[in-house]
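Structures are listed in the sections that come next.
Across the two complexes that follow, chain A remains constant while its partner is chain B and subsequently chain C.
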Partner chain A sequence: MKRRKFDVAAVPGKAAGGVDDRFQVATPLRKLLNKVFPDHWSFLLGEIALFSFVVLLLTGVFLTFFYEPAMTEVVYNGSYAPLRGTPMSAAYASSLDISFDVRGGLIMRQMHHWSALLFMAAIVVHMMRVFFTGAFRKPRETNWIIGSLLFWVGFLAGFSGYSLPDDGLSGTGLRIASGIMLSIPVVGSWVTSSIFGGEFPGEIIISRFFIAHVLLIPGLLVALISAHLGLVFKQKHTQWPGPGRTNDNVVGERMFPRYALKQGGFFMVVFGVIALMGGLFQINPIWYFGPYEAWVVSAASQPDWYVMFLDGSTRLMPAWEINIPIGNGYVIPPLFWPTVVLPGILVGLSTLYPFVEARQLKDYRHHNLLQRPRDVPARTAVGAMAVAFYIVLTLSGANDVIADKFHISLNAMTWAGRIGLLIVPPLAYYVTYRICLGLQQHDREVLAHGVETGIIRRLPDGRFEEVHQPLSAGDGHGHGELDYVGWVVPKKMNRLGALGPAIRGFFYPIEKPVEAPVSPGHPPVEPRPEREEIGSGDSRR
Partner chain B sequence: MTSDNDRRRGLLARLRGRPAARSRGRRRLGAAFRLIAALTLAGGAYTVFAPGVQAQENPPLTGAAAEGRALFDVSCVTCHGRNAQGVEGRGPSLIGVGSASVEFQVSSGRMPMARQEAQAMRKPPVFTDEQVRQLGQYIQELGGGPQVPQGNLREGANLATGGELFRINCSQCHAFGGGGGALSSGKYAPSLAPASDAQIYAAMLSGPQNMPVFGDNQITPEQKADIIAYIQESLKADQDQGGFNLGRYGPSTEGLAIFLVGIVALVFASLWIAGKS
Partner chain C sequence: MSTQTEQHAPQGREPLDVHDPRLSRFDIVTEGARRDDIEIVHYEEQVVPGSKAERRLTRTVAAMFLLTGLAATAFLVVYIWWPWEYEPGRGGDKWYTPLLGLTLGVALLGIGFGILTWGKKLLPKEVSIQDRHDGPGSAEDRKITGETMLYLADEMGVRRRPLLGVSLVAGLLPVGAVAAAPLVGGLISNPHKNNQMFTTGFAPADGKKIRLVREDGRPIRPADVSTGGQLTVFPGIEHGVSNKHADSPTLLIHLRESDAEKSRQANSRVGHGDYMWGNYAAYSKICTHAGCPASLYEQQTNRLLCPCHQSQFLITDNARPVFGPASRRLPQLPIEVDEEGFFVAKSDYTETVGPDFWERP
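Let's turn to the complex of A and B:
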């Protein structure tokens, strides 16, 4: 009998052929794998959020195996001695068990919490990148809106998760949340009693928040993230202007293999950073807070950082109570303004910004090329103003910790926050605007006169002048004829002729620097090594 | 008018039958003289019948208290005044504060104060333990007041009860981890990290500075022992199971860490990855 020859090398091809025979995927897959993504470090900030969301899902699933979402009272009898014998809710007891008795439970809990903080931080940083580079402009307004919604849904996810361990800190947060809901005029008390199943705290809130936290909100997040990524796919990623890049093309790397490999690597890095933080830095030590009891409130009770701006706005708000003389009198408490109205305004402003700007500039064209922040001073300054506003509020949310640790009066901190909230944002606007204009000016100067060489020449009549290296042939007066194209203008001699750094490699050079001639009389013996064709530079390919 | 004046002249003048021609000045002088005379008489009678002034030092100070008084007269008298009765605008009276208060304030270095400010800070103590005891003895013998009991202050303590009591009574100001917190106008609840058993006990008994008094009828000595045990054996001896505790300041430093460590590390990572081509 003749043995059939088994060709190993042909296996993948044959297998793929078999798959394509049955599912007809080759054509769409080829399109997908060949899709080109522009590459720049700032385009990876959103991926940090995506990858930390994946870590959130993984660690979160682990936690659900051991967490018990119930408020039934139990007596703790686990390994943490200082709480043994203390009556507490089953939710808190199981959170303690995760921390002390489940193998690997504490690092999972800490990784979950750190990745939640990282998720929100990366969203904010990514949002700032998109804003300052004008990536939200037509046709990407929808994606901008989805992105801002992601922040607010992430905010809800974080808050509901913060409440689940049912420790002293979560209970304090829930109490404040119930107060905020109660402050809403007319519907407040109905909203609160329907969410809490009666008066705070009730007996149902933990199980309700659990199902919101593990099913409803993550479902919404997955849906929004898919839509977000789908739109990036459909509308294609924006790119920086540069050689060969126009409003109608995309210059970058194919999805497969390079882009996919890089993204896979980056996921590992994000995972690693979160795991390191989860293992090295203690976060939310619930065992110190104790079980939630209405009469226990610790100093330095703060929400996680992305909620802290609301805490800050509440601390800064003067006690202005509005009494409306209807019936027995109706009161709108001061809490309503900083915690319901302010976030409402912020949601509105952030989602509508692309349309406001387009209307203001009467600019309804498609934009696929990014803008450098300095080239749009008004937008950059508005962004700086928003960031300053947010930072003042966030710092005010921690003003008691700052006051205590830096030995400042708490009253002074509150007033500094109140005054700062009004003064710092306009100041940030002005300063940023001037910095942008200054940077623009310098770019134009270099284009007109050339790069400063650092060589000072003395003229026969005794004057000194600096020698500039013109970037183009010029017109005889040393004035170049180059136009600004919206990208980096070389400002140092060793950046001339190359858009990226002359020597490649981030941590150590991966190519040898060209040896400088020892003296003009002794030129280097070896020929200059072949250098790669100068493309768009390695830092932004 | 004349009849009015007549009525006002007073009994003596009418007895003397003098006409109402005395000047107003002389009448006033007379009244003052009579007042002084009456006061002298009352004062004299009091001196005769009341116990002697010297009786305050009777029984005389014990040896330790006398030493304490000598220290007091050198270091404390400027603000707390002679005999510790206080000086308006500088320092309060120490009559009745007891040795517990002295123990807390002096052994933690808060007294003598460096300057008048919102609150006295903890400093390296100026006096030795023996001197603190002498000062305490002096104040104790001067006006009585709460005293810190001798011996082990956390005998037979229950950590869990202590934790519960700590969270209810102490964590509002000293925070869940005992690291302290801000109060209004530059005042603050200090960190409990450097506090000794006796200092914590004395603070609860005497309610120093902005702290309320937790007397024995509010928190019994057994409960005080529980709280001290929780602070010393749980909060301070705890190994921070989760790793570096970021100062136990709660979510504020955690937020700082995610930006300073997480975001910074990942931005560098993205620079690195994007730089590889």
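Let's turn to the complex of A and C:
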């Protein structure tokens, strides 16, 4: 009997053929492998959020194995001696166990908390990038709305998770949350009582927050994130203007292999940074706070950073109570405005912004090219105004700490916040607007007159003037005819390839050939011939 | 150095025969890209194969991967053998988590930067241009899809048989309510059951006045609180010192003579003339703003500060809010001393304790 030869080299090909016979993947896979992505550092901000979300899922699953979502009173008997014998909820006791009695539990808890903070931070910074570059414009309004929803759903995820350990600090936060729900006109007391299963704190809220935190909210987040990424994929990424780049094309790299490799590497870097933070930087040391007791609180009780703006708005709100004298009388407490109405307005403003701007400018075209913030001063200034508003509120959320550390009167800090909230945003608008115009003007100046060389020339009549390097042939009077195309104008001689880059190299200098001004899509100028590395003489053998 | 730079190909060129044996693999890749409307306009090796630069980069990437292996091994060693169980003091266990973080972080950063260097420095750089095709669908397709959907409606015949549509809506609306009812019905809980929002643990039970007790449950004699001092007190009932009575914690303050006089005058102005006992006054500790314990008492100014949102209450003026977002004074608990010499509450609070809400009278 003759044995058939087994050809190992043909196995992958045959297997691939078999797969394609059954699932017809060759064409879609080719399209996927070939998909072109534009590249810019600012496009990576959203991915930090995505990658921290992955870390959140991984560490979060670990935590659920040890956490007990119950408010049953137990007496702590774990390793942490100072709290031994203290009555506390099972939730708090199991959170202490994760920190002290589960091997490696503390680093998981801390990584989970740090990645949550990073997730929210990346969302905010990514949102700013999208806003200031006009990436939210048609056809991407839907994705902008999904993105702003992601912030609020992430906010809920963060707050519900923050409350789970049921320690002294988070319990106070929960108490405030119940106060906020109570403040809603007409239905407040019913909403609070229904959510807490009776009067605060009740015995069920931790289990309800747990299921919301590990199932409902993450489910919503996964759904929204998938839709967000799916739309980015379908609508293709925006790109900066530049040579060869138009509204109808995408200039960049194909997805595989280089782009995908960079993504994978970046994920590992984000993961690594979170691991370092989780191990080296202590966060939320719940064992210092003790179990939640309704009568205990300490000064400097700050929530996580992304909640601080609401804390700040609550602190700044004047004590304006609205009384409605019907029957026994009804009340709208001052707490209602900064914690329910303000977030409502913020959600409305942010989701509607793309449509408001389109209407304002009567601009209903597709936009796939990004704008430099300086080129749209009004939008940039509005954004700066929003950022200023947010910063004043966030700082006010810590105004007691600031007052304490800098020896300022607490009442003065509150008044500074109240006045600042009204004055700083318009000021930010004005200053930003002027800066944008100034930058625009300088761009035009360089295009018309050329780059400042730093060379001072003395004229025969004794005057001094700086020599400018024109960017184009010009009209003979040193005036070029270049149009501004919405992208970086070179403003230094070495951006023109005139000067070599600074000396590189750690132990010995490495001189690299000058690269042309970087502009993907533009074939580089002929590279200089390779040169030998120049040693500094005696430093090398 | 293989550098391929070409101009945009004219549209509508003949597709290449990819089975042509003369084509290189890159030719086929380029052809595939072209079929996806991608033009690879620039493709350039970053390092000359076999050059010193390539060897150096390869060594760098390899070193990073090996560092990862080393750090990951160190992680496992620490994880398994380092003493991790908590001990009071400055034991080695305090280094457990930092060491895990350090080794894990270095391991992950090693892979990360290794892959990044590999991708960014060793792989060829390219510039590709893909058509976006983000215009609307063709007018013809829009028409066809639109008509198809309208035809669906025709087929259903809702317009001809309106009863179907009406009955469907009338039938389905209750079904939607059925889906929502168990959730809402199960969760809903009457906030006014047992008048719970307006009572605290100090409500007299069976006509017996409730004692004020400390956190450990012991009752309090007037001499236990020194002049100018204050004490957090609780209702002397079962679970009185627990979150089950989160609204009940109360601050018992022993005012100085002059402050007590001011307090008494202020009290009588609002009809609380007999709420104090001697120079002792008791106010709810639960802030009327958001419910935090207003627990920072400043003896000199007689102000009580809530650390959550900095509402300040002037104790000598009926705990009136004098600064911050709180709009309502802290309720006062009427107190006296019983025949055994311990503090008791004369009655429950006469105002609503805790954060404000709509139907608070």
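Worth pointing out:
One rule holds for everything that comes next: the second predicted complex is superposed on the first by the 487 of 541 C-alpha atoms of A that agree within 3 Å, B and C clash if a C-alpha of one lies under 4 Å from a C-alpha of the other, contacts with A are read in each partner's own complex, and residues count from 1 in each chain.
In the analysis below, a residue touches a chain if its C-beta (ideal position, glycine included) is under 8 Å from a C-beta of that chain, and two chains touch if they have at least 3 such contacts.
It should be emphasised that the depicted structure is a prediction, and the values quoted were computed from it without experimental measurement.
Touch criterion not met for A:Q469: it reaches neither chain B nor chain C. In the superposition on chain A, A:Q440 makes contact with neither chain B nor chain C. When the shared chain is aligned, chain B and chain C each come close enough to touch A:D400.
Counted by residues of chain A touched, the larger count belongs to C, out of chain B and chain C. Contacts of A:T351 after superposition: neither chain B nor chain C is touched.
With both structures placed on the common chain, the touch criterion links A:G85 to chain B but leaves chain C unconnected. In the superposed pair of complexes, A:L106 makes contact with chain B and with chain C alike.
In the superposed model, A:K262 makes contact with both chain B and chain C.
In the superposition on chain A, A:T142 contacts neither chain B nor chain C.
In the superposition on chain A, A:S207 makes contact with neither chain B nor chain C. Residues 81-82, 100, 106, 110, 253, 262, 265-266, 269-270, 273, 277, 279-280, 293, 295-301, 399-400, 410-411 of chain A touch chain B in one complex and chain C in the other. Listing the residues of chain C that touch chain A in their complex gives 5, 32-33, 35-36, 38, 40-42, 48, 79, 84-86, 88, 96-102, 104-120, 123-132, 134-135, 187-193, 196-197, 232, 234, 242-243, 245-247, 249, 285-286, 289-293, 295-296, 307-311, 321, 323-328, 354-361. Across the interface of their complex, chain B is touched by residues 39-45, 47-48, 81-86, 99-100, 106, 110, 113-114, 117-118, 121-122, 125, 168-169, 253, 262, 265-266, 269-270, 273-274, 277, 279-285, 287-290, 293, 295-306, 308, 394, 397-405, 407-413, 504-507, 538-541 of chain A. Here chain B touches chain A in the complex through residues 118, 159-160, 162-164, 167-168, 171-177, 179-186, 188-189, 230, 234-235, 240-259, 261-263, 265-267, 269-277, going by the rule given at the top. The residues of chain A lying in touch with chain C in their complex are 30-31, 34-36, 73, 79-82, 100-101, 103-104, 106-107, 110-111, 139, 172, 175-176, 178-180, 182-190, 192-195, 197-201, 235-236, 244, 247-254, 257-258, 261-262, 264-273, 275-280, 292-301, 311, 314-321, 328-335, 338, 366, 368, 399-400, 410-411, 414, 520-521, 523, 530.
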